[in-house]
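There are two complexes below, and they share subunit A, which is joined by subunit B in the first and by subunit C in the second.
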Partner chain A sequence: MTVAPKREDYDVVVIGAGPAGLAAAATSAEAGLSTLLLDENVGPGGQVFRAISSTPVTERNLLGADYWGGADLVKSLGASGAEVIHRATVWSLDRNLDLAVSIGGASAFVKAKRVILATGALERPFPIPGWTLPGVMTAGAAQTMLKSSALVPDGRTVIAGQGPLLWLLAAQILRLGGRIDRILDTTERGNYFAALPHAFAFLTSPYFAKGLSMMREVKAKVQVVSGVTELAASGDGQLASVSYVGGGKRETIPADLLLLHQGVVPNVNLAMSAGVEHRWDDLQLCWSPVLDASGNSSVPGIAIAGDGAGIGGANAAVVRGRIAARAAVESLAPAVAARLPAMATLRADLAKAERGRVFLDTLFRPAPQFRIPSGDTIVCRCEEVTAKDVLDSVAIGATGPNQLKAYRRTGMGPCQGRLCGLTVTELMAQARAKTPQEIGYYRLRAPVKPITLAELASVPKSEADVKAVVRG
Partner chain B sequence: MFRRSEQDKRPQVQIFVDGVAVAARQGDTVSAALLASGQDARRSTAVSGAPRLPYCMMGVCFDCLVTIDGVGNRQGCLVPVADGMQIEVQKGKREIGR
Partner chain C sequence: MTTNVDAIVIGGGIHGCSTTLHLCLAGLKPVLIEKDYAGRHASGVNAGGVRQLARHIPEIPLSIRSMSIWEKISDLLDDDCSFESHGQVLVAENEDELAVCRARVAELNALGFTHEELIDATELRRLVPAVADTCPGGVVSRRDGAANPAQTTTAFRRKAEQLGATVREGMAAGNIRYGDGLWLVDVGSDTYAAPVLVNAAGAWAGKIAAALGEPVPVETVAPMLMITSRVPHFIDPVVILRGRKLSFKQFKNGTVLIGGGHLATPYQDRNETVLDWKSLAISARTVFELFPIMRGATIVRAWAGIEAKMKDDIPVFGPSSRHKGLYHQFGFSLHGFQLGPGAGAVMAELIVNGGTQTRISDLGIDRFYPATS
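Let's turn to the complex of A and B:
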């Protein structure tokens, strides 16, 4: 079923129906602003509340109480009167707040007075030898299949990496009767000491007790190897084994499935293509947009909420969505804003939701060898460019990610740098003894997701548009 | 690699993978149905022909590219299955005209 937007102009267009987008669109529409929510997926929820309206895993304790909180957000959205379109891929957003969106193979164009980007996060690239082999996936991929299709790992399964999501996924797989043979924890030993000064805030956050009980639940059933310092997947056209060094000991184990995870990073493509200024975040090791306290970006009218604004987790995302929507209401319908929760209250909620984040960021800071690969390890999955290829290009004069495109086509494949951009920046920064901020990132442009020439050619155009490009 | 948990009580949907009938479930994405089918669903890349399976399942990595009802380069992880859907594992780059 293909549904185009009902109007050409909206007060607020929200992009992404995860926690931030659901909260933002509901707040904005409840306040009486014409609101359009566009989302690429089949249903609402984003990643954290994936398939919240359709999951076959209906026994509530299996996915956990936090997951089911997403159902309330969807309910509020439904009652708000916001227009919602799923399977809608926004491929262009510019400084005039003109948007292009592909729905069912045809493009529609809308204009907004305010845009709230809630495009969330994606998993940090985990470029180890063999990570392109069939059978190697992200932990998030396995969780997506678990939530939306009740699929669980069946063959010999290894989970490797670090961070809260890894333990949550492991617990969920076990609860659904799936198989996990071993967990390889790559958290650097030194991180425990570095994180200690921030421990108090974490101990008093809701994450602490939940995290601890989940780790206990998993460790009772699965062999966990901690202090893993090297990791590689191998096989001939299909994953066959995983090799690692843990506690100074090298081991190789047979495996059919390797699930990788070392945290999540903001999905920056749409924001960057609209010209939103980003800075390198030295703690979270990624690009984060420069925002004011209401989520407003450097481009007037564009706000960013949720993990796309810097990783904060689902609870913080919901509050950030409400803050960004309240700011939109303040500017477009100030009289109505008084009826919404006060900005000071929302900011206090946010501070509470972000409690313990610095501890998590410090403890789960991924080790350099898992971020900056070497030799034949593939950096750019789409164009199949290795770390050595990148370093060779630096040696003959490539200065940054954009020059590197001309040498190697890195970032020019269909994923548009989403799975190599951070690696390329850090690899080149290291090779040139510069900071990631100095090295910079790919210059991103519309279309931020591939669309066909046929779709572009069939967009409505006026005689003047045609004359502007036709000779004679 | 993956199996369906007993939790899954959704109705079946029949799709065809390279002409072979495969039982999927209503609400599966094409990629999830392929991974659950147990069939060899490895595509091969446009650059070197290397075999790949979906990596991210969330619309980011494009390793799930597949031909659906005659249209190439579709992101299988974003497309829900439909009864009678014809899926072809895509070997190499998309062909002109499909």
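Let's turn to the complex of A and C:
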């Protein structure tokens, strides 16, 4: 059944029901603000707690204790009185805090006094030769299938890349009886030294023990090749083999499935399309919104929480959600704010949750050759544009991603740059000897996710239209 | 540091870029000053219509002049600008609208213009098979077409630069002043000096004109466009409607551009626009009714470019009524893209020769100052 929003105006609209959105919506609604939580998925949880209310994987240790922490957030939200709509795709948000949302094939417009964006993260593009072949997918996509349908790979499977999520996924696949033939670790050797000064904070964070035991668990069962410096997928219309150079040795292994992952980056599309200012983050190598300590963006009334505010992980996301919601309560119902946990307490919680992050960011900073492709390697899959095509366009005057659109239509396909944006920025920056900040990013516009013409044609008419019909 | 040049052109839209190029072709050394980058606003993001059809009569001679350049655009720019000529068709949705079309074509014929032809239902169906059966006819301008606006504007800029123009992007023209027969304009810490100044600053041109003592009735607008995902090829010409706000064009790659002049809210100082989805929904409904084939298509993006619209919808084009060496080229009021190539050529003639064979006398800024003209 399709459920449209009950009202046209809300105090707070929260977008995304991952850890940050769940916490923000619950806090806001508990404080008595009219609160609407819109989420694209079929149920709450976002990616980290995906299918938390519906997963067929019921044996708790298979997905890990952290996963089940999501259930408490969902419970609090249920008790809070927030209006929650799933399968709801917000396709437009502007600086007047007008939102357009598609629910079950019909669009509605709502207006908010405050918007909290909790749209989370995306996997960083991993543009190696052959990455668009059928049989190559992201680790995140594999994890989605695992959590929502308990599906694990049974063919010859190679996992390549780096980062905490890669090890988590590997452990989850193995626990569910899936097959992994080899793990190709692309972490740069130099990163271990660079990360060393930040190691103390990491050692005292909860990530450390968990991460270490997970890596041990995986390494006991799977051959792991570390120090991989080159990587390519090949096959005729379908993945057949993976070639790599590890420890100076080149090897090619047959494979039916290659799962790629080199970290996650903020999902910036909705925020950017609303006009929120972003800056290039040189450590995390991505665009992050410019925010104050309460998560407020450059657009008055729009706050950002969770990984969309800069990658911080699930625990930090929950606290950021609470901080953003508290700020909304302070502004809309100051009397009630006094009853909420003090901002200072929340910020202390956040500092604790973020401990060890710099270590992880430094250690798992992806290597240039896996971020900035060359030659015939595809950059933009929607329009099949290669790295060479981009460089050729730079040579005849394309100075940034927006000018490149005119030459190559990069970023103009259905993905709106989600799969190529970072690659294009870094590739053009390198070619033009500029910083990514100077090169900039695509100007993103609504609809942030495509809608059908028929759906747009059937939105409720404005008052002016109705009057025109009456008069005519 | 002050650099002497032959002309200073402010504004890197298609008009400023075209004028700069044509000044180079005439042997001058101009500088082009663009606060963002060439084609950043309306010139780079408009519908790309190359249209003589349905123009205001005062600008038809300029449009015809421009068309002859469009047809050889590759020779001029070494870039085809993705220009395609499949005609533009104006559709009458009922007999009353067709009667207006008939009168219009008769009026043009009486003035000696023959580019617009009245067509009946049969010819309309031949040109636009997908149009709704109820439409009784319309008007066609067969040489019209469309081009890629960003590619075109960039090609003009690139060619001008190759021919010796200095292009300054990313910093606004400031402190515009006149003394000792020279116009002086600052760009950051640099100053350019020239006997000629061309105001082609689009949505920002009205302010420049006003600061130089020639205020005109102009507003900043942002017409919205949206584009669909690829659909099977079903239409060649660009289609516009007589009665409702709609323009419609399918590209070679299958995507369909839907425009027609519904306006976004411009935030000029921030280079931003806020779209009005309720108006875009009206466009979607019109397409839904007229082109059933489009009903399942997907809207992937919508946008709006900032530009200047005159109260009388006619551009300001020609010499200043007050200052020697100052020329205006702005206010193209949602239909300036096709005029760009011709307007640049004519502007260069005005500057270099002091006159032109192309009739532009109704476009001058002096129309707003009858007492002083």
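Criterion: the second predicted complex is superposed on the first by the 462 of 472 C-alpha atoms of A that agree within 3 Å, B and C clash if a C-alpha of one lies under 4 Å from a C-alpha of the other, contacts with A are read in each partner's own complex, and residues count from 1 in each chain.
Here is the rule we go by: contacts are C-beta pairs under 8 Å (C-beta built on N, C-alpha and C of every residue); 3 or more make two chains touch, one makes a residue touch a chain.
Everything numeric in this text was worked out from a predicted model, so none of it was measured.
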Check your understanding: Who does A:S298 touch here: subunit B (first), subunit C (second), both, or neither?
Key -> neither
Check your understanding: After superposition on the shared chain, which partner residues are touched by A:Q430: those of subunit B (first), subunit C (second), both, or neither?
Key -> neither
Check your understanding: In the superposed arrangement, which partner chain does A:S241 touch: subunit B (first), subunit C (second), both, or neither?
Key -> neither
Check your understanding: Does subunit B (first) or subunit C (second) touch A:P450, or do both, or does neither?
Key -> both
Point to revise | Partner touching more residues of subunit A, whether subunit B or subunit C | key: B
Review point. If you stack the two complexes on chain A, which partner ends up touching A:P56: first (subunit B), second (subunit C), both, or neither?
Key: first
Point to revise | Touched partner set for A:G275, first subunit B, second subunit C, both or neither | key: second
Point to revise | Partner chain in contact with A:P414 - subunit B first, subunit C second, else both or neither | key: both
Practice item. Go through subunit A and flag every residue that touches subunit B in one model and subunit C in the other. Key: 413-414, 450
Study note, to complete from the structure: Residue positions on subunit B within touch of subunit A in the complex are 1-10, 25, 27-29, 32-33, 35-36, 42, 45, 47-48, 50-63, 65, 73, 77-78, 80
Point to revise | Complex contact set, residues of subunit A against subunit B | key: 40-42, 47, 51, 54, 56-59, 62, 87, 122-123, 132, 134-138, 140-142, 144-145, 148-155, 176-178, 237-238, 256-257, 267, 381-384, 413-415, 418-419, 450
**Study point:** Contacting residues of subunit A [partner subunit C, same complex]
**Key:** 92, 94-96, 100, 109, 275, 396-400, 402-403, 405-407, 409, 412-414, 416, 445-447, 450-454, 456-459, 461-462, 465
Revision key, fill the gap. Residue set of subunit C touching subunit A in the complex reads 37, 39-40, 44, 148, 150-151, 154, 157-158, 169, 227-229, 253, 270, 272, 274-275, 277-282, 284-285, 287-288, 294-303
